[in-house]
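Here the chain labels run A, B, C and D in written order, and each chain numbers its own residues starting at 1.
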Amino acid sequence: MAEKMLAAVKTDAAPRATTMKTVPRPEAGPGEVLVKVKIASICGTDVHIYRWDEWAKARIKPPLIQGHEFAGEVVDLGENTTHIQVGDYVSAEGHVACGACYQCRTGQSHICPNVHIIGVDRDGAFAEYVAVPEENIIVNPANLPLEMATIQDPFGNSVQTVFSADAPGNNVAVFGLGPTGLMSVALLRAIATSKIFAIGHVNEYRMNLARELGADYVLKASDDLEAVVAQETEGRGVDHVLEMSGSPHAFNQGLKILRPGGGMHVLGIYADPFVVDVSSDMVTKGIQLYGIHGRRMYADWYRMAGLLTSGKLNLKPIITHRFPFEEFLEAIEVMESGNCGKVVLYME
Amino acid sequence: MAEKMLAAVKTDAAPRATTMKTVPRPEAGPGEVLVKVKIASICGTDVHIYRWDEWAKARIKPPLIQGHEFAGEVVDLGENTTHIQVGDYVSAEGHVACGACYQCRTGQSHICPNVHIIGVDRDGAFAEYVAVPEENIIVNPANLPLEMATIQDPFGNSVQTVFSADAPGNNVAVFGLGPTGLMSVALLRAIATSKIFAIGHVNEYRMNLARELGADYVLKASDDLEAVVAQETEGRGVDHVLEMSGSPHAFNQGLKILRPGGGMHVLGIYADPFVVDVSSDMVTKGIQLYGIHGRRMYADWYRMAGLLTSGKLNLKPIITHRFPFEEFLEAIEVMESGNCGKVVLYME
Amino acid sequence: MAEKMLAAVKTDAAPRATTMKTVPRPEAGPGEVLVKVKIASICGTDVHIYRWDEWAKARIKPPLIQGHEFAGEVVDLGENTTHIQVGDYVSAEGHVACGACYQCRTGQSHICPNVHIIGVDRDGAFAEYVAVPEENIIVNPANLPLEMATIQDPFGNSVQTVFSADAPGNNVAVFGLGPTGLMSVALLRAIATSKIFAIGHVNEYRMNLARELGADYVLKASDDLEAVVAQETEGRGVDHVLEMSGSPHAFNQGLKILRPGGGMHVLGIYADPFVVDVSSDMVTKGIQLYGIHGRRMYADWYRMAGLLTSGKLNLKPIITHRFPFEEFLEAIEVMESGNCGKVVLYME
Amino acid sequence: MAEKMLAAVKTDAAPRATTMKTVPRPEAGPGEVLVKVKIASICGTDVHIYRWDEWAKARIKPPLIQGHEFAGEVVDLGENTTHIQVGDYVSAEGHVACGACYQCRTGQSHICPNVHIIGVDRDGAFAEYVAVPEENIIVNPANLPLEMATIQDPFGNSVQTVFSADAPGNNVAVFGLGPTGLMSVALLRAIATSKIFAIGHVNEYRMNLARELGADYVLKASDDLEAVVAQETEGRGVDHVLEMSGSPHAFNQGLKILRPGGGMHVLGIYADPFVVDVSSDMVTKGIQLYGIHGRRMYADWYRMAGLLTSGKLNLKPIITHRFPFEEFLEAIEVMESGNCGKVVLYME
């Protein structure tokens, strides 16, 4: 194995400030495995770091190799690993949980308060090699295409969100048509959701993708959603809302179009606190709200493997751009533009 | 309205003993509505009565007009009805629950111990008109085809069974490929079940239908199911078993191929008690077993309407035979042969 | 039966404006039963109407006989009743649901959007007789004391809220020590909640009641709740918060002391929309929020009967004041003062 | 630390064949901690091994130090431990799960098919020292009495079983009054179960204990249970049955007294397969059956700590016999007699 590798390094605490450079190859520490990365994909989080927004300033300590969505092959094992083997075709859960807290010890490690995230709090996969705790390694089915393997981490967000609802035969609205929203639309389509309302903002590219992936109605946040939903559901309202936009306006619109007793499933992150009509929109309507973070470890990964190898879910259109890893900077610019689905990078 | 109507009447406590004859048209009593039947379908229960088996002998009091699967139009309202209107396009839940017991008062009227069943304990829908309690009437969506509307009662059995499991992305086995098993296969397909194992007996007609409706593997009870499932699930076992065959052998095979922690969903009715390895197959494996009866009133009906009008579920192949009502006796003979899916009767 | 009866009548659209007067006795209409009231109790809602606040102005149409918490004896049956009998010892669910909407047809009639409330939208139980739909009648166990029978409607709010959580062996905070909060404390005590934090405001009377009913910690909203809870739960936070105060500050405090993955159970009604930190307090913490309204019809009533006759729940201290019905105006003044638990009225 | 220790060693593959002897002290291997045992208690499983029954013959490989219920102090740490510290007051989950299988990776490690059990498949706690994987170590609350700390492993069986049901305010029957059944009775009492029916066999000692721990009705399997339950529940039946006896007769009786829609929670282990009336007793009644094995790792342990330190659960009477460890052979004879609750051993 080479001692050096190519990596995309966030070098400084400043916007952009990412450089393609040769750095020392990481080693697999105790309990870790070393993965040769074959494919990686770019997350919205990576764009936040690239732009160096408020969240990034508070959290990120450059230099850092970003990237937590990937697939590759195990090439080395650290001490005290137990079941993963060299040659395994793998991806990884990005949340490295502590293993010792109440959440980790009760099946809720996806909300471990001591979490470290690959590519955020430790070096990640925008590189030829990445070292990952064995615990986090997912062995992929042999017949899972690379492009599906790499998007499992964000698709897992969609999976956790969608399956916190009861969609089949019911009516569901998705707010926010970024990659996670779009994958949710495709998944809702695959599980026979009755009517899927996909609500975007201004991005025609993504609204068209939503249509292609199975949305029955593609609307804008500026439409009269209450009127449309009331008419199309015979006054019942939607049974579930998936809020993936991060817009307070969408959150409150979502509550309005939800039927009494419905479910509000929130993956969106909001820049600031905002006003909610808790009494009218949540209490007297008897709604349930689910805050969604990460992916259930690792039930959601098993379900993903089952979905992605079944031939019954069409996620292919979500991959809209492919780059060789060397063109990482072009790739992240496409992602930043928003005129794309998922953008993937090939390392070899 | 005519005072007389054509009906298929079980005239005597004997096998067959069903005659097409003209009888007085029923009237809508207090709290009832009168439905002009447009289409009806034949249930396995109807075959039990036709054959006059032990169950029928104990339960049925001829003369009786059978039939509980149908769709039609409301043509008259009895006193004290509240919301159904003349002209409504309707079907009906076949279980007339008492409304006063613990089960009925707590959302479990599908297992009301005082239930009366339409076409079993009171006159049914193998006739030009049927009187039904308003409570049991389901208003169908205008765009629901007649052939889908009439099979909702048995499809509701499939719906309750399938949604007592967690199928999407998981592996599920269905034992028993009668109409309810076949509709379950189609439904599992529609909700992205990862691998669907359909297990029949000797009836090639129905095994072919299972394949057409979406089964990934069509097997016979005499196959080495444990070996096949172990291989196709990488040793994990299926996550859920739907037992719809009524065969003790199938029940016990189902438990063997179920993974630890899996779900056993039993709609099948067994002629006699039988031996079960409770310790090894249920307790130490930590499985959950769900006895399924009828349809949840009326959550399963709303879900059915959502599924059947979505265009995302393909139940059409399940309707294999169509007869004018006058040929009822031919129709029930086809049903008895087993070489069919659902058999429907057109009243007009 | 007398043709006239004594009633407390809200005569005018104005604060107070309630008069004790003789009015015609109601009759049991179709599907209704007539109850001779033996005991009634005063709800916070009755105080809102008495004070004629904004909510009351928008909803109430005087003249009105208030009162929806009561127990008594059935003395007459209207037409078309089916199972209730003269002489039955009864109480009633106050929400008269429509019976025809999606919610009513799927076991969620407690959030029927077409609900009419006894004593709010139709004449109620602050009178010698009240007519109630048979559907809403609850037959009380013979050994249920009158003072427990009359408080079931509000206790049902506590029951629905508490059992939407998973309290036994876990730590729970209750915000708001009105009667519903106090009954929740007693119930949490009865089901072995590990640590019960009861959080009041300034009312010492009710904070003392909370202690008597089983709170392990009685705190004020102005205390440093985060510090206290962190210390007493070893940094874990409470597992569930029951928000019954209607205070935005309490709502947001509740979210802060909740552990990641915990449950927020909201019965409180807030005068206005308010600011919530949805991202930090609900999404990334992975919490579930349950809006609670009314009582599940009628599962919560069966559970209540089981609890109240078991001898394992001590609700007696909650009844702090007893008046003969003639002294209704004194009774409601006590209720308005807040220096009380439940205030009951004896009609005979 | 001494190099040698006293242990109770099953020396040979034969009935009894247990000797108190001095053996080498174990060491904490990689990922393990060494615990100085202060108290241990005897499980029914230990009696099976002592008697050398069919199950023991098939599973146990002497020489073996038995014992998986204990509490003590951590005195040494192996390599690669992460959060447990010397001096911690601990107990341990007895099931050492593999960590790599589907069950372990999805929060169901209590039914890991590759489990090894402490004191069964590896040396246990009937000794002065025991080495345990850090993963399995439970840090006890400082104020948890030793006698409560040692019985957590079996109490965890009761906890998992009881909380798979919905007991508060409902009626529950417990079949089998061994220690686990008795602890379940105490727990049901502590969470305001409405009516607790405790059903024993012939052991008066344990039937009296059931009464003391809170059973409302103590019955024998030979009583007319259907009649008693019907009368005491007004014909409804019990809402849940906890089957902890391992008797096929009890299993089938339990199904008969269960109401339609009720829950059957089975911890009992049956020597052989047996006849069940699946149709009448499980399917048409719409019941749910839960096979229960072990304790949820580690949610049930957190709940236990919350219950046992709350002062709201009275388990003290369950400890009926106390011995110094040196008298282990007398202690296990008491356990074998059945005239006892839990039997504990003090190591110091």
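Criterion: contacts are C-beta pairs under 8 Å (C-beta built on N, C-alpha and C of every residue); 3 or more make two chains touch, one makes a residue touch a chain.
These numbers were taken from a predicted model, which means no experiment stands behind them.
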item	value
Touching chain C and also chain D, the following chains	A, B
Which of A-B and B-D has more C-beta pairs touching across its chains	B-D
Computed distance of Cα centres, chain B from chain A, in Å	40
Whole-Å separation of chain centres (CA-atom averages), chain B against chain D	42
Residues of chain B engaged with two or more neighbouring chains	102, 302
Residues of chain C that touch chain D when the two form their complex	159, 163, 168-171, 187, 189-195, 302-307, 309-310, 312-313
Parts of chain C lying in touch with chain A, wherever the complex brings them together	102-103, 108, 110-113, 236, 248, 251, 259-261, 266-270, 273-279, 282-293
Interface residues, chain D side, partner chain A - complex	30-31, 80, 82-83, 99-100, 102, 105-107, 297-299, 302
